[in-house]
Amino acid sequence: MDRSQIEAVLNEVRSGSTSVSEALERLRNLPFEDLGFAKVDHHRGLRTGMPEVIFAESKTAAQVAAIFARMANAGGNVLATRAAREVFEAVEAVEPRAKFHETARAITLMQTEPAAGKGTVGVVCAGTSDLPVAEEAAVTARLMGNTVELVADVGVAGIHRLLAQQMTLSSARVLVVCAGMEGALPTVVGGLVNAPVIAVPTSVGYGASLGGIAALLGMLNTCAPNVSVVNIDNGFGAACIASLINHL
Amino acid sequence: MDRSQIEAVLNEVRSGSTSVSEALERLRNLPFEDLGFAKVDHHRGLRTGMPEVIFAESKTAAQVAAIFARMANAGGNVLATRAAREVFEAVEAVEPRAKFHETARAITLMQTEPAAGKGTVGVVCAGTSDLPVAEEAAVTARLMGNTVELVADVGVAGIHRLLAQQMTLSSARVLVVCAGMEGALPTVVGGLVNAPVIAVPTSVGYGASLGGIAALLGMLNTCAPNVSVVNIDNGFGAACIASLINHL
Amino acid sequence: MDRSQIEAVLNEVRSGSTSVSEALERLRNLPFEDLGFAKVDHHRGLRTGMPEVIFAESKTAAQVAAIFARMANAGGNVLATRAAREVFEAVEAVEPRAKFHETARAITLMQTEPAAGKGTVGVVCAGTSDLPVAEEAAVTARLMGNTVELVADVGVAGIHRLLAQQMTLSSARVLVVCAGMEGALPTVVGGLVNAPVIAVPTSVGYGASLGGIAALLGMLNTCAPNVSVVNIDNGFGAACIASLINHL
Amino acid sequence: MDRSQIEAVLNEVRSGSTSVSEALERLRNLPFEDLGFAKVDHHRGLRTGMPEVIFAESKTAAQVAAIFARMANAGGNVLATRAAREVFEAVEAVEPRAKFHETARAITLMQTEPAAGKGTVGVVCAGTSDLPVAEEAAVTARLMGNTVELVADVGVAGIHRLLAQQMTLSSARVLVVCAGMEGALPTVVGGLVNAPVIAVPTSVGYGASLGGIAALLGMLNTCAPNVSVVNIDNGFGAACIASLINHL
Amino acid sequence: MDRSQIEAVLNEVRSGSTSVSEALERLRNLPFEDLGFAKVDHHRGLRTGMPEVIFAESKTAAQVAAIFARMANAGGNVLATRAAREVFEAVEAVEPRAKFHETARAITLMQTEPAAGKGTVGVVCAGTSDLPVAEEAAVTARLMGNTVELVADVGVAGIHRLLAQQMTLSSARVLVVCAGMEGALPTVVGGLVNAPVIAVPTSVGYGASLGGIAALLGMLNTCAPNVSVVNIDNGFGAACIASLINHL
Amino acid sequence: MDRSQIEAVLNEVRSGSTSVSEALERLRNLPFEDLGFAKVDHHRGLRTGMPEVIFAESKTAAQVAAIFARMANAGGNVLATRAAREVFEAVEAVEPRAKFHETARAITLMQTEPAAGKGTVGVVCAGTSDLPVAEEAAVTARLMGNTVELVADVGVAGIHRLLAQQMTLSSARVLVVCAGMEGALPTVVGGLVNAPVIAVPTSVGYGASLGGIAALLGMLNTCAPNVSVVNIDNGFGAACIASLINHL
Amino acid sequence: MDRSQIEAVLNEVRSGSTSVSEALERLRNLPFEDLGFAKVDHHRGLRTGMPEVIFAESKTAAQVAAIFARMANAGGNVLATRAAREVFEAVEAVEPRAKFHETARAITLMQTEPAAGKGTVGVVCAGTSDLPVAEEAAVTARLMGNTVELVADVGVAGIHRLLAQQMTLSSARVLVVCAGMEGALPTVVGGLVNAPVIAVPTSVGYGASLGGIAALLGMLNTCAPNVSVVNIDNGFGAACIASLINHL
Amino acid sequence: MDRSQIEAVLNEVRSGSTSVSEALERLRNLPFEDLGFAKVDHHRGLRTGMPEVIFAESKTAAQVAAIFARMANAGGNVLATRAAREVFEAVEAVEPRAKFHETARAITLMQTEPAAGKGTVGVVCAGTSDLPVAEEAAVTARLMGNTVELVADVGVAGIHRLLAQQMTLSSARVLVVCAGMEGALPTVVGGLVNAPVIAVPTSVGYGASLGGIAALLGMLNTCAPNVSVVNIDNGFGAACIASLINHL
């Protein structure tokens, strides 16, 4: 049933050939999928300030460039994650305003100013190996209108370097904490702050790290009551949640 | 927005205070969830011939009896799975027509004749340890209107006993094949018949059977092109699918 | 013991030099494997409408081309799955009628018209990353004589796009539903239709998707009673089962 | 070095027997752990509105009662989770104001009014088997000053029951979504709302549910960008995070 | 088609009403399963010297006793494995000649002398915790006609105790080596002897032993070229294979 | 070949009936296991100060008591681990000097003074749930002659409580650090001290703790360079290693 | 202590300067490792007929060629497994008598006739994908002096092709059965023969085959009492054990 | 709060404008992270004799060279692990004194003499495949001032080669034992010596070795009381711990 069917019902109501209660009954029996025009965008709110996103890893440079250009033409902000330099070069050829964030492996285009978050999003990681994931989170959060404080090189085996950053940590409204290997950093940070912590296990490690599973399990078993977890290496997803919270 | 809101729109259309195109536009903007009356029962067809079902394992005898009695009053057929004898005794006290199937650990009440399946549902298992799962499938399929042929004790380590049953296997329109340990039976049966095979891994075994995971993996890696798989010990689910196919 | 041995027994019976009961006894003692001529093709029925199939992934282009040519000469339909473009070029050189399905990574040759399925096979997938598996299922099902409706880009995180396709889903006689990541699509589809659903987990995802194991586990734990599961990325196998059901 | 040592330094500064720069140098060389008095409670903020908590599962009824009484005497609110009725009876004997929440397996004592959350915390679950975890989250969130809306029995295999609750879902400021088996509910809910979703896998299921691991993996692989995850059956933890967000 | 059908064909051949070639054609088209009388016992050889076996673990004492009595009446030897003392008492009541092997948790009845094995079967285990599995192997092997040498308490962490038994090890024609925890014993024994070694991982251990999986993996990764492996705790199966080899 | 055989060879050499080179040849051909007297106790050193040990978990109270009494008669120190109070009562009946350590689930008898360790063994744990494992380590280490400092309740989510104990931690010559759940404590402690850390994962936790596997993996992936790991809940083993190091 | 030391003791005994009992005491105190000449080759027997073996997979072509040449010079037979054609070319350049077995990925040199096995070693596999492992077993067994019967393309999903080979299977003294995917072939073969079956899981498969783990688990859970298992793809090891049994 | 803040407090104390008790109170309320100057290097002791370390595996040759040069300029010793020859060439170009250890895949620069360890560090491995890990341990330990004895090619399947090295093993003050496949070597060595053993599982193996997990599990389940374990292939970490113990 498409729009014209509903229009027909309404015309019959208007003309009096169908009573209101009869029309109600006919509408009631319409399966949802026939309504067609009733499809609303339930993500409207969520998408306020959200860029269009391309997961570049499994696509060719040409494919990413084509999608990026089309999205750019639509006028919104655009983000491509997991993009190598070659991919950026292909994108830049079609959209010269695009910017490359090498460590984050991200390409961004900001055309419209997103709504500003209420506080700061803290992004924390332990070693330099975790930086790509942390930077992906930072770039994503910034593109969504958040002020980001990035704190790196504060592993739990050298706890005093972390404690020296406590002022910065405490001032964040929400934190994204990335860690590989044993994945203990989010728990320690969670104990130092009063804000929600989004933990991101990274695939950094070898042997018994099982590609990030060890860090993931560690984070899920956290004894800090303010830590929740996303998928391994999912800096982008953690930033989305952090931004959502920071815009509340 | 509830029914009265739509009624209001229709009344305005009827009275002429709202044009048809304006009404269309207002309806178009209604989020689905406000329609209320548009909720249709999409399972209507599927449920033809399906009993009401109680998963008794995690409930007390009293709870099962109470639910059973309520469902029985509704007039349809009722099935309780994973029920011990004590549970049956509690059910029988409130609904004397209920029947107990000891091996299948199932309680049934048939009040209405279900639509008959087109062919036979074959239910096959290897050892006597797999019988509870196979019987659960058989009892379920019968309650859904299917003729069931149960073939037991035909393990793959004694292939000639299985081959001696080939006539029975070949005459089934769809088969449910249950096996624990190495879980090879569905593949061998799949190679002998021309019908869809629903494989049910059972938790029978010890050590490296990992509670049925070994059998499950074996079935998923089948080299027979007519075998699909359900969860470990899920004789009920396999019978539902088989019945659905047998009623096509 | 070969045909001539049995022939000898029969000749002796005919000439009267061996009694019937003695002949029976001699036949009774023949081990099965000696009968030779008793080997029947139990897959006859199943193979009606089934193409010859080559799993190209672990073979060289030259090997696939050689096998393809030989199968084509036999007169039936031929299907090569998991084939790259280079493989197709090698096949095309020896069999110019072969067709390449790039997304499905499949090569087909249809020489004979397969028996037509009774209804439509619905093939559903969530993201574009799942398309190769879904297309493999679609190409396979079509080569087996089925009308296929492909519904793509209907992930569970945007449920209204899926609901908008419910008419198409409901009209299918059997469905193949492919999904990676959390693998929830078959369950949601299973709740919307009254037909058997063959669920195909895909290896799409990263980190905790464990190469498709997460999706596989999700599907095995489905709470929809009409869903069974095949191996990860096994679009071909799902289509075989769907075709079998659609020809019942 | 304890307080008296620092006092001594200060006295020397005061008397002039130690210069400021010399005092600075001596303080500089103090290892942190000697400061003693510098231990601040970094959880101050977080704990506003947080009850004292007892994980009762691995304790005897007598132990829980003793701890509960002591905490009650301290004047704050008290929560015991995973408590059986026998445990409650022991607690009630020593603290008659304690309340038992049977489904949630929780004992509460509210003595002080916690700071009120800004919006509603939505708690959602699929089957009745998930109710204990969902109720644990609800009881916890209420004790922390949040208004809670509990939506039960909205599994993804019957998507229309869930859609009928969309108004309620959309009005929540943050949601806790509990699901066992395939664990798809948080993803579907995440697609319907614009708020952060805390997903709680439950150990409900059997066979390939692996004690909740299947649901956990499903949630970690969510394709909804607003979902983060906590440990299996950790309704308490999810409520803590939700309350934290709701008080921002 | 049963025996009478074949008899009918033969009678027709005899009477001349059917030609030999026609009879051949009719026999040729018989599906195997119809032959009936062609089912030979392919296990004849294997079963020489093999007792009837009951896996008692999942059966009641009454059930085991009933099966045991029936098997005993058939005249052969009988073995029940994984039997508690209560089970033995029930068996003894119906079959007073039955013997109980407490450590092995086995009940035996020897009525006929099995064929003697050619050499000695060595059964080796490390700690006293592995003794039940080792004794099960020893009791089984003896009931199958083998001379058994049991070597216990020779763990790899005290290698000299093992070396002191080398003469005994070297004189065995085949060995069954049981070990839990790290499961290294079969590899070390395999390096000391020139005979086939059947390795049996046991479920002895805790934590990372994963119920015997650690020992199983260790044995599968053996660097000794004469070691093969059976399921965890499967002393019975290892003895069957050892006996088979010892009777070659 | 035993001592007398070698003696015979030597006597023949002495009497001149065997030449030296011939004697050499005969000795050369002796398999090692025949030497008998060459078996030295390679554990001599290690066993200095080590008690006799009984793993009580899988034994009856009577069995433990019998073994304990026999060991006590031998004059050395005795330790029974994983012992319930009933077990102690049985032991006490036969050996009244035995002491019970309730939290540690250990029974000890010290009859001889072990050699004193050179420094202090620090035993650290996070929650009270880890105390049984930590106490097992402490009791074991003390029985081996070590001074033990036990630091409890210093979880990583409240890092300042741990830092307040740094003086104690730093003064230990070797540390045993026990932790369940995310298992991060050994890494943090490892970063604070200059001594070897033996990490003991505990089975404390639920859900994704997988019975201690999560903590185990976390510890194996430590980024502290002075941490090695033992099996889950193996407080006894960690204490043995710590004592060994402390006696160097 | 080397031979000369023992010689010195003997000379002293001979000359009378050392008494027998004193000599005994001095020999008694020799640590085993000093005896030197007491090191016997315990593998002598096993190595009769065994080639020298090179695992080529992780070595360069040059390395394999160098080792191969050195071993060839020693006069025995030589086997290199997991060798690519390039490796063979490097070997052939230094040892022109070497032979390449392409499917088996093996290089052999037979210089001495090994002792002949007593019967036939059957090597069985299902699909052509399993052939490399089966051929590795066949080449290895032949080089060790065994007559080998290779039976290929007899998967369990087409059971009649397997049954047609039963005569061949039954005539083998020992069998090596290779299978990937569900790994059911060894169990079915085990039920058809009376000989020991060495099962070799192969890494053939995808998705839930988990690199051969599914086949491995299936084989370990076999219900045939004559099947033991080796590591995934270990055709070489299976042939060693089969040869050992065939030479008994 | 930085140094100047504390200075101000002290000046006020000195001038008398702030009392000592008031000053104490103000200092008490300083959060730790503000102290700044109180950050001591708690790793001082540990780092005595420790080189600066670069994990080269995930870095480009240019990156490693740059970091290496900078560290070299700081005057201490430098170690790069997991470095290929190309990486060394880049390092050598900027720091000609650097040395390459090919098997160990390590680059070292020794500029200062580290404190000498008290005894010998034994490094033991089974096959030549484990040599890279063993050599990494040896190179690391030497750079930290330890005398190292490397014992290779002493696998447990040829136990006499290991026993022949017992003198060497017994003379070590601490041992690092590396093994892949079944990982039994540390347990056997642990039983032969009286020193702490650091076990290093290696990723050597295939199939069920699961990338070293089998060896890791075997080592964690050791029955030797002096064995602790580090991550798979972590020769560097094991050497750090061994060096620490050897310097006690």
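Which chain is which? They are A, B, C, D, E, F, G and H, in the order written, and residues in each are numbered from 1.
Convention: a residue touches a chain if its C-beta (ideal position, glycine included) is under 8 Å from a C-beta of that chain, and two chains touch if they have at least 3 such contacts.
The shown structure was predicted, so the numbers you read here are calculated from the model rather than taken from an experiment.
Participant: Shared touching chains for chain F and chain G?
Facilitator: E, H
Participant: Please give the intersection of the contact partners of chain B with those of chain G.
Facilitator: C, E
Participant: Smallest number of touch links from chain B to reach chain E?
Facilitator: 1
Participant: Could you find the chain whose CA centre sits the greatest distance from that of chain D?
Facilitator: Chain G.
Participant: Taking all residue numbers at the chain B/chain D interface, are over half used by both copies (same) or under half (different)?
Facilitator: Different, since under half the interface numbering is common to both chains.
Participant: Give me the C-alpha superposition rotation for chain E onto chain F, in degrees, nearest 5.
Facilitator: For the C-alpha superposition of chain E onto chain F, the angle is 90 degrees.
Participant: Please indicate which chain is farthest from chain F, where distance is taken between mean Cα coordinates of the chains.
Facilitator: C
Participant: So, what's the distance in Å between the C-alpha centres of chain H and chain G?
Facilitator: About 38 Å separates the centre of chain G from that of chain H.
Participant: Roughly how far is chain B from chain H, going centre to centre by Cα mean, in whole Å?
Facilitator: So the centroids are 58 Å from each other.
Participant: Could you work out how far the Cα centre of chain E sits from that of chain G, in whole Å?
Facilitator: One centre to the other, that is 24 Å.
Participant: When you check chain A against every other chain, which residues touch at least two of them?
Facilitator: Counting only residues that touch two or more other chains, chain A contributes 31-32, 39-40, 42-43, 158, 160, 163, 166, 191-192, 207-209, 213, 216, 220-222, 231.
Participant: So which chains actually touch one another? I want all the pairs, not just one.
Facilitator: The list of touching pairs comes to A-B, A-C, A-D, A-F, A-H, B-C, B-D, B-E, B-G, C-D, C-E, C-G, D-F, D-H, E-F, E-G, E-H, F-G, F-H, G-H.
Participant: In their complex, what parts of chain E are in touch with chain G?
Facilitator: 32, 42-46, 50, 160, 166, 170, 173, 191-196, 198, 216, 220-222, 225-231, 237-238, 240-241, 244-245, 248
Participant: Which residues of chain D touch chain C in the complex?
Facilitator: Against chain C, the touching part of chain D is residues 126-127, 155-159, 163, 180-184, 187-188, 190-192, 205, 207-210, 213-215, 217-224.
Participant: Under the definition above, what is the set of chain H residues touching chain A in their complex?
Facilitator: 31-34, 36, 39-40, 42-43, 57-58, 201, 203, 211-213, 216, 231-234
Participant: Using the touch definition up top, name the residues of chain B that touch chain E in the complex.
Facilitator: 129, 158, 160, 163-167, 206-209
Participant: Which chain F residues qualify as touching chain G in the complex?
Facilitator: 3, 6-7, 10-11, 13-14, 16, 20, 23-24, 27-32, 35, 37-38, 40
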